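The structure under discussion appears below in the form of C-alpha cells.
Letters A, B and C name the chains as they come in the text, with residue numbers starting at 1 for each one.
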Amino acid sequence: MKQKLNAKDFILIGILTALMWIICMIISTIMSVAGPVTNVFYPSVVAIPNGIVMMLLLAKVPKKGVFTICAAIQAILFLLVGAFWFLPIGLVIGGVICDFLIMGRNEITMKSMIAAYALFSAIFAFSAICPIKFLQSAFVGAMEKNNIAPEYIQGMLNITSVPMLVVIVAAGLVGGLIGGFIGQKALKKHFIKAGLVSVK
Amino acid sequence: MDETQIKQIIKRQPLHGTALLDPRCKILLLVCIGFVSYFLAGEVVSLALMLVYGLFIALGNGGKWAAKMIITYIVVAYLNALLRYVQVPVLSVIMSVFGVTVLKLIPIVMMGLWILRTTYMDDLMVALQRMRLPQAVTIPLVVMFRYIPTLRIEYRQIRSTMDIRGISDTVWKRVCHPLATIEYILIPLLMRCLKVTDELAASGTTRGLELECKRYALRPIRFAWPEIVVSLLGILFLVGLLFIDQTQIGKIILWRV
Amino acid sequence: MISFQNFSFRYEESKDFTLRGIDMTVRTGEFILLTGRSGCGKTTLIRSLNGLIPHFYPGEIKGDLLMDGHSLLEMKPSELAGQVGTVFQDPRSQFFMTDTTRELAFGCENLGLAREETIDRIARAAKELELVEYLNRSIFALSSGEKQQIAIGSVYALAPKVYIFDEPSANLDYAATKRLAEIMEKLKSAGYTIFVVEHRFYYLRDLIDRAFLIQNGKIEHEFTREQFCSLPEETRISYGLRTAYPERDAEHYQEKPHSQNTTHLLEVHDLGFAYKKGPEVFQNVSFEAHSGDVIGILGHNGAGKTTLLSILTGLLKQRHGEVRLDGKKLTPRQRRSLSYLVMQDTDYQLFASSVEEELSLGMQEDCKEKIDAVLNALELSDYRERHPASLSGGQKQRVTIGVAIVKDSLVIYFDEPTSGLDYDSMVRVSKLIEQLSDSGVIVFVVSHDFEFIVRTCTEVVQLDDDGTIQNQQLSPTVLKSLSEKYFT
C-alpha cells in the first residue's frame, strides 16, 4: 500500500513533530543545566519519550517520506534556535537515509519501524554532539584566555576524543532502541487496542 | 464603518522597519549568523556581531528583546571570565566549555526568536512557496507554529487531572516511576493530537488547503532592493568580522574581572 | 438546489452502512436543521456535502448527490472550497494562522486569489459579520465564541453558496449563541442555503425552514418549522430531541426540596483571585454548600468560572479568602484530595488502557468490589476491558464520573457536562448527578445549558463580569430572571 502523503498526513506530522521538538527542548535544557557531562547524552534520553510519538506517527502514516519531512521540520526549528549548522544537515540526511533504505523497500512492519528509529536517533546523537570536535579549537582558545591550566585543557580534549564520540553515538542507538521498544508497547497497549491505528 | 476604513485597518501594520523584510531575507541572515558565530574566536568581534544585529532587530519591533539579549550576553561573558579564579578540577573546564557555547548561541537565539515573533504566518507560507519548497514542508511548519502554544494549554489540562487523581502528582512518584509518568502524560496528549489533526485537516481541506495555487499574502512579499541591500550588507559585515578576527583585534581580551 | 438521491454510505472500516437510502431535496436559500440522536448519521450526511466523504473518509457509496445538476461525489473538498463552506464544532481546532486577519484570509490565499481581491473579501466579511473589532488580534487571546465568529468569517470570505454548521453552539455560552443566531439570520436573508446539525436547537427556532429527524441513518421525519416547534412533549422526547423553548421549563419549574443532609458543610469565604500582573478575576466570592446540594455555577465565558473551579479543586491557590470543610480550613492539596473535576473534554482525563484499569488508577488499596459496583451502576460492565478512547463521548464521560465515585470524592465538579449531548444523554447525566447528590456528594455544575440546569440544580451561583457573585436557591422567580437574561 503505497500512497501519496496528503494534507491530513502533513498536519499530523506537523503536530507530532511539534510535540517531539518540545520534548527535545525540555530534556536538553534540563540536562544542560544539570551539567555538561549529562548534556552530551541528551539525544539518547530524548529518544525514549519521542519513541512513543514517532512509533505512533509511523503507524498512523505508513508512507514513504515521513522521516524526511519530520527531520526537515526539526532541522528548520533547530536552525531557528541557534543549533550549529551541522545538526540540521545531519538530521535531514539521517531522515532521507531512514526513509529510503529501510522504509522505502517493503511494507512497514514493527521491526523496520524500530530499526529505522534507532538509526535515526544514532544519527541525531552524532550530529548533535559531533560539533564539539569542530569547535575544539575555539574552546581551547577560550580556556587559554581564561588561564586554565594545560592539564585541564588536556582533560577537555579527552572528553571530546573519538572513543567518547563513539560512546555517545552508541548511546543514541540504544536510546532509540529503548524508545522504539517502549513506543511499540504503548502502541499495542493503547492505540491499537483502541482501534485508532493498525500495524502488521 | 465602511469597507474602505476596514481595509485601512487590515492593511495597518503593527510591525515596521526591518521586521517587514521578506522572510527569506531574515532566514538567510539567520543561517549566515549561525554559520559565522561558531567560528568567531575574538571577544571584540563577537560582541560587535551581537551589537550590530541587536541594532538591526531594534529597528524592527525588537528593541526590548535585543536589549535583553545583549545584557544576557555581557553577564554570561563576565561570568565566564570569572571562571579563572575558580580552579576546580574538571568542573571549571566543563563550565568554560558550557559558557563558550552559550555565548555562541545567544546571537542566533536572539535573531531566531525575533524572526518567529515578527513574521506573519501567511508571509512565511508565501516565502516558503516561492523558495519552491513543497507543501510537505510548508503545512507541517505552519501547523507547528500554531500548535506549540496550544500544546502548553493541553499539557496543563492533563497535569491538573493527574494532580486531582493523585497520579504522579509528587516529585517522589515521578522519580520512582519515570516511564509511567511519561506514559500518563503522553498518551492523553497523543490521543488529543490525533483528534486535533482530524479536525484541523477537515477544516483545512474544506477551505482549500490542498490546492497548490500560487499564493499571495496580505502584503507584497518580494525579494526586492531593500532585501538585496540588507542581505549584502549583512553578509559583508559577517565576512568582515571573520577577517578582523584573524588580525590582532581578535586577540584583545575584553572580559576581565 | 441540492439533492440526495437514494444516497447510502458505509465507512471503510465499518461493516454496516451509516447512511441508508437518503432522499432529500433542498432548494437554494433554505435553512435546514438536521437533528437526531448521537451516532444517527447526521454528521456523515454533512461530510458528504462538503466533499470530506469520500475523499477524506473513504468508503462505499450508493446513489448520488447532486448540486445544481452536478455530482458532488467527484469533486474534492478543495475544489468545493469556494462553493460549500463548513464551520465545525470546536472553534479551538479550526484555525491555522496565529492572528485573526490572516485567518480570515486563509481560505482566499489557498485559492490563490490576488491580494486586492483577498483584502476586499475579508473587509466585506468583517463588515457583514461585524468582526471589525477582532481584526489584527492574536487568535490565542480570543474566547471560543470569538474564535467561532472568525471561523465563520473565514468561510464567508470564500463566498460559498452553501453553509454547513456542525454543532456550532456546543462550545458557546448564551451570549455567543445569540450572536451566532444573528449571523445565521444574516446569512439566511442573504439567500444562502444553510445546513445546521444541532442538538440544542432552541436558538434556531425562528430560522429553520425545514427540520429533518434522522434515525439509524435514515430520514425518519420531515417537519416544517411550525410542526417542529410545536411537537407534543411526549413525541419530542420519544425522538430524543431537546426542547425548542427552554424558557418554558422555568414556568413549569417545581422547586426541589433543599437537601436535609448535613453531614458535610463546604464554606467558601471571601475568595479572591488575580493572575500575576493581571486584574482581579473575581473577589469577595462567598457561598456555602451542604452534602447533597447541586449547585449550578453560571456566568459568561470569561467571567472566571474556570478559575473558580481551579481554586475550589485546589489546582490554583487563592489570592485571599479561604475554603473550609466542616469548619476546618483546607489547603489546596487537601482540596485536591477530596474533590474531583469532570472536564468538558474527557480526552484529558483518561490515562489507562482499559476501563477497569482506569477506575483503579491512583488507588492505593485494592478496591475490586467497589469498582464492580460502580461499573454496574454506570452501565459500563460490558465495556470493562475496552480501551477508554474507543468509547463514545457519553460513555467516556461516565468513566470519568466513575473515577470520581471510586475516589470517594466529597465534592464533584462538572465543567459543561452536556455540551454536544443529545436529549437522552443529557437526561442520563442529570439522573447520575441526582444519584450522586442522594449519596451525599456536593455537586457543582458549570453549565450554559438552561434545560439541564432547570432539571438538575438546586441552587445557582452567578458570576458576573465585574467579579461579583450572587448565590440563590433555585426558584421560579430566579429562573424567570435567568431566562430573561439568556433568551431576550
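The rule is short, and it goes like this: a residue touches a chain if its C-beta (ideal position, glycine included) is under 8 Å from a C-beta of that chain, and two chains touch if they have at least 3 such contacts.
Small disclaimer: the values here were computed from a predicted structure and weren't measured.
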item: Farthest chain (mean CA position) relative to chain A; value: C
item: Result of counting contacting C-beta pairs for A-B and A-C, higher pair; value: A-B
item: For chain B paired with chain C, centre-to-centre distance based on mean C-alpha positions, whole Å; value: 37
item: Cα-centroid distance, chain A relative to chain C, in whole angstrom; value: 40
item: Approximate Å spacing (C-alpha centroids) for the pair chain A, chain B; value: 20
item: Overlap residues in chain C, where contacts from two or more other chains coincide; value: 56, 389
item: Multi-partner residues of chain A (each touching 2 or more other chains); value: 8, 190-191, 196
item: Shared interface positions of chain B, touching two or more other chains; value: 142-143, 183, 187, 191, 196, 200-201, 204-205, 209-210
item: Chain C residues within the chain A interface of the complex; value: 56, 353-354, 387-390
item: Residues of chain B touching chain C in the complex; value: 1-3, 6-7, 9-12, 14, 120-122, 125-126, 142-143, 145-146, 149-150, 154, 157-158, 160-167, 169, 183-184, 187-188, 191-192, 195-196, 199-211, 213-220
item: Chain C residues touching chain B - in the complex, by the definition given at the top; value: 50-52, 55-56, 76-78, 80-82, 84-86, 88-90, 92-99, 101-102, 105-107, 109-115, 118-120, 122-124, 126-127, 132, 135-136, 140, 151, 154-155, 158, 310, 313-315, 336-337, 339-341, 343, 345, 347-351, 361-362, 389, 403, 407
item: Footprint of chain A on chain B - complex, ascending; value: 30-31, 34-35, 37-39, 41, 43, 80-81, 83-84, 87, 89-90, 92-101, 104-109, 112-113, 115-116, 135-137, 139-144, 147-148, 151, 179, 182-183, 186-187, 189-191, 193-194, 196-198, 200-201, 204-205, 209-210, 253
item: Partner chain B, residues of chain A touching it in the complex; value: 5-8, 10-19, 21-22, 32, 35-37, 39, 48-49, 52-53, 56, 60, 65, 69, 72-73, 76-77, 79-85, 131-132, 134-135, 137-139, 141-143, 145-149, 152-153, 155-156, 159, 182, 186, 190-191, 196
